[in-house]
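Each chain carries a letter (A, B, C and D) given by its place in the written order, and its residues are counted from 1.
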Amino acid sequence: MHIEVKEDDFIIENEIVAIENIKDPDAAISIFVGKVRKEKKLIKLFIDCYPEMAENEIQKIVQNASNRWKLNQVRIIHRYGSLDPGENIVLVITTSDHRGDCYSANQFIMDFLKSEAAFWKKEIFLDKTKWVEQKVTDISTMKDWQED
Amino acid sequence: MHIEVKEDDFIIENEIVAIENIKDPDAAISIFVGKVRKEKKLIKLFIDCYPEMAENEIQKIVQNASNRWKLNQVRIIHRYGSLDPGENIVLVITTSDHRGDCYSANQFIMDFLKSEAAFWKKEIFLDKTKWVEQKVTDISTMKDWQED
Amino acid sequence: MKLKYFAWVAEIIEKREEEIELPDHVKTIDDLMNWLSDKNDGYRIAFNDKKKIKYAINQTLSKEYDSISRNDEVAFFPPMTGG
Amino acid sequence: MKLKYFAWVAEIIEKREEEIELPDHVKTIDDLMNWLSDKNDGYRIAFNDKKKIKYAINQTLSKEYDSISRNDEVAFFPPMTGG
């Protein structure tokens, strides 16, 4: 498990190389990249963060995912600070021997990251700024996993 | 939709750039990479292919996925020929405005690629060679989608 | 005691963190919010709607009546919106 | 008519493709497999277990009794194992 909470950007290929420097390549790799939406009048996305808490929470989320699915490697990067539309926000890489495990675990991790990790997004538009509110659907998506 | 059936390797980052040269970056990107398993005594994986048929079938699979989920971009590369353990075999990139769509579509496409696209794998071990047989689980995984 | 504030909570309170002397009668997160709210409008507005605020003791999400002590780090923030 | 073979089917028949003159009485995929099987052991072994072989007419997966004609490209192969 490798978790980074930082301002710098990431390059997917380098992160896969980093994983494979630790261990032989796995057969199935699921990757999710979240980016700042390109939206009319959106100038910047500012992400506030409580880094120590975010890292703790992400560790717990990954631990829960590892209890449910057979995973080989998990690598997560979540950025904070001031980002332009189109820039990377988050990267989740899960690897396993079978694709079902890495797909499900990846989606599980993203669902919990959305509502349980200590990050807060503020949208800076041409004419206003707005703290993003937690979505009801993000909470229900997360709860769906608990009913399994 | 961009589909390539070829011998050459791919670089994920370049494929994302290629997508974003066509259209502005999307908020959610799901990527799957399938690699040759690192296995004891496995020397090579040979992939036979009927390229014209494979491309037709992948187009149909992507069309079906696009009918079920709201996708912005789909980019698929499937390699054939002689590959070393650890080498890339297949890349599926799906992008959308919301992560649920691109995750589900990506998994749907991979499930159908496994059993409906004109590729055949042969494992070359130190002491034997073996054409991979279609897995019963791959067929049932594919059929699960039809019962939705 | 170290206090931290994030997102719009930090904006309203106009601080990202501060050190306070915890009075003896302030024993829970709820006590702390009430005590701070008496100090000035910033805190009062931030803590006004209890449904919109979350808190962590030592980087762990906590409940309103969880106990706090001098050596804890307590943080206040809105529901998370990462990912 | 153009015939193509893939994977172990190509290995057993020892060809990846060939051009044949389609006899008038060969009207379906099934007829074609029977006619080829009479030619030599390679075809006979390849087409022996009908559960293990699949076929396409003009790059479209087809059924045993689908009709074929001179201008078609017919391919024989095992179940797919890509991805």
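The criterion applied here is as follows: contacts are C-beta pairs under 8 Å (C-beta built on N, C-alpha and C of every residue); 3 or more make two chains touch, one makes a residue touch a chain.
Just so you know, these numbers come straight off a predicted model, no measurement behind them.
Colleague: Please report the minimal path length, in steps, between subunit A and subunit D on the chain touch graph.
Modeller: Shortest path length, in steps: 2.
Colleague: Distance-wise, how many Å sit between the C-alpha centres of subunit B and subunit C, to the nearest whole number?
Modeller: The separation of the two C-alpha centroids amounts to 49 Å.
Colleague: Distance between subunit C and subunit D based on Cα centroids, please, to the nearest Å.
Modeller: A distance of 74 Å separates the two centres.
Colleague: Report the inter-centroid distance (CA atoms only) between subunit B and subunit D in whole Å.
Modeller: Their C-alpha centroids are separated by 26 Å.
Colleague: Residues of subunit D touching 2+ other chains?
Modeller: Answer for subunit D, listing residues that touch two or more other chains: there are none.
Colleague: Mind pulling the subunit B residues that touch 2 or more other chains?
Modeller: 34, 110
Colleague: According to the definition already given, which pairs of chains are in contact?
Modeller: A-B, A-C, B-D
Colleague: Could you please specify the touching residues of subunit C with respect to subunit A in the complex?
Modeller: For subunit C paired with subunit A, touching residues are 4, 6-8, 10, 56, 59-61, 75, 77-83.
Colleague: List the residues on subunit A that touch subunit B in their complex, please.
Modeller: Against subunit B, the touching part of subunit A is residues 11-13, 16, 20, 24-38, 85-86, 97, 99-100, 103, 106-107, 110, 141.
Colleague: In their shared complex, at which residues does subunit A touch subunit C?
Modeller: So the residues of subunit A in touch with subunit C come to 34, 47-50, 52-54, 56-57, 78, 89-90, 110, 113-122, 131-134.
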